[in-house]
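Here you go, one structure.
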Amino acid sequence: MPPLVNLPKEAAHFNLALQLHKPEHGPPQRPPKIDNAQARIYSEAHLTPNRRDTMSADWLSNVEPMVYKSRIKVPYTWSVGETGSRFFVELRDNKRLFGKRCAGCNTVYVPPRKMCGRCFRDTDDWVEVGPEGTLQTFTVVRYSHELQPMAAPFAYGIILLDRASTGLVHLIGDTDLAALRAGIRLAPVFREERSGTILDIAYFRPVGSR
Amino acid sequence: MAAEKQELLVIQSGDKEQPFRYAVGRYGSKFFMELRDHKKLLGIRCPKCGKVYVPPRQVCGPCFERMVELVEVGPEGTLVGYTILRFHFVDPETGQPKPVPYGYGFIRLDGADNAFQHFIEIRDESKIRVGARMRAVFNEERKGNLADIRHFEVIG
Amino acid sequence: MTERVAIVGVGQTRQERNKVYDTFADMVYEATTLALADAGLSIDQIENVVSASNDFWDGRTISSMAINDACGSYDKNISCVEGDGTFAAFYGMTRILSGAYDTTLVVAHSKGSESVSSHITNAMFDPLYVRALGLDAISSAAFQARRYMDRYGVSEEQCALVSVKNHGNAFRNPYAQLPLRLTVQDVLQSRMLADPIKLLDASPISDGACAIILARESAARKTPKPPVWVRGVGYCADAYHLGDRDLAECAALVQAARKAYDMAGVRNPRKQLDVVELYDAFTYQELLWTEGLGLCGPGEGGRLIESGATQLEGDIPVNPSGGLLSAHTVIAAGLVRIAECVLQLRGEAGERQVKGARTALAHGVNGPCGQSHCVWVLGV
Amino acid sequence: MPNRVAIVGTGQTHHCTRRLDVNGVELIYEAVGRALEDAELKMKDIDGVIIGNMDHFEGINYVDCWSIDGSGGFGKPTMKLTTGGTTGSTLAIAGYHMVASGMFDKLMVIGWEKNSESDTTGAITTAFDPIWDRLVFAGAISGLAVEASVYMATFGVTERDAARVTVRDRRHACLNPYAHLRKEVTIEEVMNSPRLSDPLKLLDLCPRTDGACAVIFASEHVAEKICPKPAWVLGTANRHLYTYLGDTDFVNLPSLRRASQELYSKTGIREPLKQIDVMELYLPYSFAGLSWIEALGLCKPGEAPRLLWDGVTDLGGELPINPSGGVISCNPIGATGLIRCAEAALQIMGKADKRQVPDVKIALSTGFGGCFWSDILLYGAKKPQ
């Protein structure tokens, strides 16, 4: 899996950290000892930052490293499918939430699945879930990027809706972020204008808060 | 089927994009420096098989040899194969339709053993044929990327 | 396994924040030639290649197209696994066990410097239900960290100890990117990203490549260095939707490890393993994965690190290389773990050498919050 | 001693332009369910899953993880492979090695694509180098058009010759209930279809398709218990030769020539036209049905048009090619190479219904993709020695 500190600023932050924490004894020489066979090949066949000037061809040490700034911008239109469409239509038209139950293991999946991945069979019946639920886990996000629908700080939660067996990932808003803890009760806040997407729920907020 | 027709939804990504900063590398950067500063095209020669490749890259695939010897190639060459694009498609760099029609060809630059691809000028389609002699046309303002070559045109 | 397979060569580039001079091909060529030199083999003696890369991270669908010349696959059979290098190595091994080839080169590359990681990792979430929420690797991992800490009472200080240890170990690893002399306080006071994950709980952005060469026993015996044998390997996937799992547990890792241990005859991993290189993308993950690997009981990962057992001098050193916290070359990261284990087992790990290491474990991960795990047990 | 490996079950969706009724995971689930049904197995009988597609067609990162509910990979070893257009055949080759290794007895291999979810040419253009290719490249069509221009100039082959390939594949597709385009076309219709990228016209080219395919590979210990007449894998080979498009020799697809030569020498094929009973080839456009069968050694370079016009490759001919209708009739890209494998297996199993070639003992399938890359597999009715 791929995690990481992502913003360009973060790299600078790490460099800063390096300066702040000057090692007491200093790091070993870098690049340090690599055994002889490797080192020979290394210097013959490769460029390391410290060996660039030992290249046989002079031009290699006089290149300005270019970077091609580009992007991938392919628009996607994902099919929701029959099962998911029913979920989103109920959400959009009636502000109701539904899961789907597997009669094999009695799991009520939210969001609904056409199939149960554990039993590997079709799921069976629709079960109305929520709208309230219990917070299973959460995080308060304090960094920003353009894919986030809210400005930081804001919270994400995994919410176990009443009568569901699996948790729903969503936003948590309209609350004191410092007071969040697992186990509290949450209710969805629906958008006025709904279009059949997961953001038809604006966010969840603690029950009783305002 | 008598079943009630169900509404089937889609979710759209909208105009989201993924930005990238692709490293051109030493070999490619050298090519673009020469192109930008001197309107020269560079290839690179394999010390083992002697083939000259454009664009320059570090490794000769068949020989698995490291290459360092730069060779000036072109700016003229021979058209190996081509097409004229006439259908609409999304340019993944912009998310917008790519302007068509345009000519697209592989040119074996003089002094090179492989072919180099670029736009080909198509004002007179009758002149374009496999084997035609071609010449690079450079842009006056050059930034150090592939677009510094405007296109290749048929000579004569 | 019907026949023994060994790792006979390893090579890795230095892992750096931005290898701006190198293309993917340049990095792969460097790792490949180093692995060949290490194995004492020429490219002609490599019969087939399995590469590992990820189209999203590379900003190129068919990302393997960038490196086919550079890994010496010209006129050879080659395939590409999209996922962590440990998985590619597994496929590479089966291509030997199938009787088709005597040797397989496995090479993985990744360049975090070229993309914006939140955009890349957001794309691993369901496009219908999750992606629009803007979730990414850090915020999803924070779910898991919170749940794990809540469930077992693991503390932020215990997580911070992982950062202190691994960044410290990185001083001994010439390939690592981010050696840092830290205190627990430094980690706790570093900037909060998504609580409970702070900057120094997270791994950095890294560029690098790694290659290993696998060989069947008859071919391995002819190489100059002592073969490192594959004793056992297993991999396994968990449910996808985060809400389908209890994020405080890692059932898939338990199962992958069980498979690998059964093959290797490991009954008591804490005792029988001498060194562990695991996929610590965040500090809490090292603790959680040590539990999944059976190095301690469920919920005991925090106490394990407090005990000092996982330090370089401890009885079960974890990530003497500095781990992912010191260099996270996403797709190459698992293969680096294997390469590090090979160096340990040969006694070539320099200043990070675990004395007398004879059995080592390497671990790789795919997917959000450790959805899919691959476990290797290696030995001499 | 490695295991011998056979295909014991296959499943395909009914491929079409757009499946709005299912999302990607559900599409995969459909194919997997059909493969299990075909082999009369349950998911719990399966030891592991491998899956593939091309990421940027649907914009899903870590597809092996995302697809778990539909692939059956929950709690099992699951892995993703991808090599572009060759993905499906790459998966089949992996299925072979993984089972032959003895690490798996029954492996589910899945290829899929939902090409309706993006602009196919836009997405495929991202397969090419951002610095050297993307400015000028226009997806697979542009590369194939250049290949056609070189092939025509080299051998004097005509657009009409190529149209004969489309006519054959589209005629065959009418016999295959799973094919996407099931309507015959004439030479004139091909010739008069809109010009997309000279010399290629709309009907020279494959469609874009939503579809999935699943194939179960099994070891010799269980294969014959599952399937009375399994399709044994006799050999595999591939070549992914180029990194840069301009390094390609555009004449007769050298990657396929080299891969087929390796395969033939490993499996004792000396006269492919005579020894092989049916071929399922990844021919994404009409000219490939000429140039690439020359690469496969069915005739000398430049002579393929005669084989086509003589009907040698039609159903009922000496060596039927693409009884399924091939790629020109159906192209869910990540599945396409695996569909070739499944169709070749069906021919061996005798399960190909109306498109069945009588008495198939040896079948061959290919995959094409990437930078003019090729994969190839050979199957037999008889358990290999």
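A, B, C and D label the chains in the order they appear, each numbered from 1.
Operating definition for what follows: contacts are C-beta pairs under 8 Å (C-beta built on N, C-alpha and C of every residue); 3 or more make two chains touch, one makes a residue touch a chain.
If you're wondering where the values come from, they're calculated on a predicted model, not measured in any experiment.
Among the remaining chains, those touching chain B as well as chain D are A, C. For the pairs A-D and C-D, the count of C-beta pairs in contact is higher at C-D. Taking each chain's centre as the average of its CA atoms, chain A and chain B sit 36 Å apart. In whole angstrom, the spacing between the mean C-alpha positions of chain C and chain D is 33. Touching two or more other chains at once are residues 8, 10-11, 13, 18-26, 28, 57, 61, 66, 90, 92-93, 145 of chain B.
For chain A, residues that reach two or more other chains under the stated contact definition are 45, 47, 63, 65, 67-68, 70, 72, 74-82, 84, 117-118, 147, 197.
For chain C, residues that reach two or more other chains under the stated contact definition are 20-22, 25-26, 29, 54, 56, 59, 68-70, 74-75, 116, 119-121, 123-124, 126-128, 132, 239-240, 366-368, 371. Under the stated contact rule, the graph of chain-to-chain touches is complete, every pair of chains being in contact.
Contact residues of chain D toward chain A in the complex are 18-24, 26, 29, 42-44, 56, 58-59, 68-70, 72, 74-75, 114, 116-119, 122-123, 126, 130-131, 134.
Taken together, the chain B residues at the contact with chain D in this complex read 8, 10, 13, 20, 22, 24, 28, 53-55, 57, 61, 80-87, 89-93, 98, 104-106, 114-119, 129-131, 145-147. By the touch rule above, chain B contacts chain A in their complex via residues 6-26, 28-30, 32-33, 66, 68-70, 90, 92-95, 144-145. By the touch criterion stated above, chain D contacts chain C in their complex at residues 1-2, 23, 52, 54-69, 73-84, 90, 93-94, 96-98, 100-103, 123-124, 126-130, 236-243, 258, 369-371. Partner chain C is touched in their complex by these residues of chain B: 11, 13, 18-28, 57-62, 64, 66.
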